[in-house]
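Consider the two complexes below, in which chain A is the common component and chain B and chain C are the respective partners.
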Partner chain A sequence: MGEIESFFVWLNEAHGINLSIFYDAFDRSRLLRGALTTISLSCICLVLSIAIGIAGAWLQGSRVRLVRNVVQVYIQFFRNTPPLVQLFFFYFALGSILPMVQDTHGADVPLISNFGWAVISFSFFAGAFNVEIFRAGIEAVPRTTVEAAEALGYSRLKAYIWIILPLAFRVCLPALNNNLVNLVKTTTLAYAIGVPELFYAAAQIWSEVLNVQEMMNVLLVAFVAIVGAVVWLVARVERLLRIPGYHA
Partner chain B sequence: MVALKDVRKSFGPLEVLKGVSLSVMKGEVACIIGPSGSGKSTLIRCINALTPIDSGSIKVEGQEVNTPDLDKLTLRRKVGIIFQQYNLFPHKTALQNIMMAPIQVLKQDRQEVESRARNLLKRVGLEGKESGYPGELSGGQQQRVAIARSLAMNPDVMLFDEVTAALDPETVKEVLVTIKELARDGMTCIIVTHEMAFARELADQVYFTDKGVIVEHGRPDAFFSNPQDPRSRQFLNRIL
Partner chain C sequence: MTTQTDLPVLLPFTLGSSATPRRKACLLRPATWCSILVVAALAGAATANASASAAIVSGVIPTMWKWAPLVLQGFAFNLLVSVLSMAIGTLAGLFLGLAQVSLYGPVRRTSWLATQFFRNAPWLVLLFYCMYLLPFEIEIFGLTILLPAWCKAVIGLSLPVMANVAEIVRGGIQSIPLTQWESAEALAFSRRQTIWMIILPQCLKRMAPPWMNLYAILTMATTLVSLVGVQESMTMTRAALVAEARTDLFIPMYMMLLALFALYCYPIARWTQRLERKFAVRD
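What follows is the complex of A and B.
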């Protein structure tokens, strides 16, 4: 047993502070796997929600009214309902009508896993906010800049990709930052459909080891670290994208 | 080269162009002058279809602009426009601003475009400013980059809409010099301007607009020394 392990065994025996994750290999691997699940869930949802935001903001500028209306309904639905309810809606309502498929061992498994539903649900949830965030950024791009692109022969899509989006993105980074932090925190809801993410793993450990207080602290520290990483990343991107002599 | 016939345009109840006709030959420089609000910008923006017109005909090298199946890309390749506010892309350097459209729109070879862009920057007197961002350039420099950006598309006609109006007096000159050189090299230019001396020196034809109509047009010496219409006379008296 290494020094660290024996210290935490002592801490438990002498002071009753039971951080089993530091001396029990099984607990530790459960928690690490939970952390990994949270991180991958967050990363996938982050990327997908930004993609949804970019695509949605583009569709909002569509000439076809029906398309604009569909985007609007989507935003209203996901903004005005609780994310937990959305998650249950996807998992129980949609999940139950999808067909089962056979996995490699020939067993019947759902077409979309719990993790898959969490990804879909949270991406759409955060994506709805991202559409609005990107739209605000796009509105901040001067009409005259867009016109200059038009005059150079840019189509609407090309101007969006090469000129409008890069400028809008810079404007909306602070708002995007908030929403992404929110997204990371929202992933804990995946607990409710049994996705073994960080919160789920912690809950498993404390119900067996009976160290709720300790695990709560571990959980908080872990989220501070993960959210901190997101904030740091966005700040880095912001620095990278800074334009000399330009104040958006 | 460019021919407008009875062009009409209204913004809601406001009729801004009330039947404008003009024609500019290849290699000619036409200057459009007139009081504020007389429809000069609208007129010039119609030519490359930034503003759609209500009726009439606009032909650029025989291509009709006022038609639902207008090929905008072809038109905009042929017609460059320079705005009062430069409108450079702020997130790209001077060189990139010039290179973007030829690469992204015309799909031309990057290396070929780059060497052409460098030459254009030299031509507008901005050698050494390749990696400067628009926010780091003066107004006059930005405007010259905008001219180079437009030239990179190899246009046949250039439209200038009060391109020196936002500049301070010292930098006005450098931009005007650039335009003069262009015109002398045989570029067809349609120029909206308040710089009367410039118009007088450079123009082959001067058009005077007032309240959406062309009141008078003619050779610059005739127009400036002996305007026929009372409205042009009054305008020239006021500003000269």
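What follows is the complex of A and C.
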């Protein structure tokens, strides 16, 4: 480690490229913690948004008109308003009417932390897109398959879980991939409500060490890496779920 | 590519064909949409005031009315930024997209790399990139041009737009059958003529829906400029909330802002879907 550190100290002194995260333990731990927050925020939102998508797509096929309309309003509302304003609405507006609770030290803290609001906001945002994606996937399942399931005595819910969803999920993986990448990129907005994620950590470092350009590049590389990981993961899932001969 | 036949057996089998009775995605009529938003805003105001006295309830609407011009002014600025970024991004993206189908390998690879880079970087990071790293004034031929913060923000937003437009253009060009290129070649069109006179005009129809979709996304992304210190509708809303210092205003004021964007972006989304459907039938 000593060699790496001295190399980056030399890089700063000789060329003015100040990558403090490689020789300053404090900056490094800040950035790593930020990266961890971004990753956990992304993972939680990813799972929740997919759950919302699956549930919403099922509700959209409901026989009750009111349920379908409610889902439609939800989708259109979250798709057509800025995610940043949604986040502020959740954090500042809805957060202001929730009661304060006491933490273990006896201090008053809000019921839902800024991290919690970020999770809620981004999950609903990405979930709205996921509902549409899953609906498209469900429409791609041949009608005959659904009828066969009905003939075998499956209820609507059981047919959805055991027959339609497994097939639809495979169809909508490419679109889902796109949306999940988008979700990871959207998590940077949590910076605005003070969640110490990657972007927030980087902004803290560059405002103290004054190495904006270097940190920007670190940030871009980090996001390319995280997005790459998501794309790779979805590709793996896609290969894992492939049914030979079923679909092109 | 398909032979003329009316025998169902001979038709190509596609999953989710038109034979599937699909439930029509119930789109809301704009009027329904407006009334839902208004009701939601009022309901939000009402819930926020459920415990407060009636006097405060009556104060919410007039206060919102008082600040509405300021917020609308900010929203107009959002629209200005979105139109400018879209114009710059579309122009740059068109050429970046064309570079991706270039015959020269290095040009093709470089433009592919640039597209992927700007498409996969978060918008906020690119915006900060431009805000911090562009100079506040540039000198061209001894002429000093000031670059105010909002101009840098426009450039910062047009970068991801450029990359997305490039993908749309590339996709559009590649969706045109190869036979079109071949017949153009047979008619002795040069490559440039083929692209500008034969391929691109045919792409326009296919590129319109994703392009409009991108515009709606961009319009929503313009709120990001408030984070880099440019004043727009969200800055105005927050300023109004600070000035009033009333917690019961939070929900209705943010609802008003959300409604503004929804009222602007929803018709675009609807129109996009209509175009998509229309073109899908003809293809």
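Convention: the second predicted complex is superposed on the first by the 246 of 248 C-alpha atoms of A that agree within 3 Å, B and C clash if a C-alpha of one lies under 4 Å from a C-alpha of the other, contacts with A are read in each partner's own complex, and residues count from 1 in each chain.
The definition used in the following text is that contacts are C-beta pairs under 8 Å (C-beta built on N, C-alpha and C of every residue); 3 or more make two chains touch, one makes a residue touch a chain.
Predicted model, so just to flag it, every value in this text is computed and none were measured.
Residue contacts after overlaying the shared chain place A:I243 against chain B, while chain C stays out of touching range. Of the two partners chain B and chain C, more residues of chain A are touched by C.
Once chain A of one complex is fitted onto chain A of the other, the partner contacts of A:W162 are limited to chain B, with no touch recorded for chain C. After overlaying the two complexes on the shared chain, residue contacts for A:P82 are found with chain C alone; chain B is out of touch. Of the two partner chains placed by superposition, only chain B is touched by A:E150; chain C is not. Using the contact criterion defined above for the overlaid structures, shared-chain residue A:R170 touches chain B, although it does not reach chain C. Residues common to the contacts of chain A with chain B and with chain C across the two structures: 142, 247. Across the interface of their complex, chain A is touched by residues 15-16, 19-23, 25-28, 33, 36, 44, 47-48, 117, 120-125, 128-129, 132-133, 216, 220-224, 226-227, 234, 238, 241, 247, 250-251, 253-255, 257-258, 261-262, 265-266, 269 of chain C.
Of all residues in chain B, those touching chain A in their complex are 48, 50, 72-73, 76-77, 80-81, 83, 85, 87-91, 100-101, 104-106, 133-137, 146, 149-150, 153.
Chain A makes touch with chain B in their complex at residues 142, 144-145, 147-155, 158, 162-163, 166-167, 170, 241, 243-247. By the touch criterion given at the top, residues 60-61, 68-69, 72-73, 76-77, 79-86, 88-89, 92-94, 96-97, 135, 139-143, 171, 181, 185-186, 188-189, 191-192, 199, 203, 212-213, 216, 219-220, 223-224, 227, 247 of chain A touch chain C in their complex.
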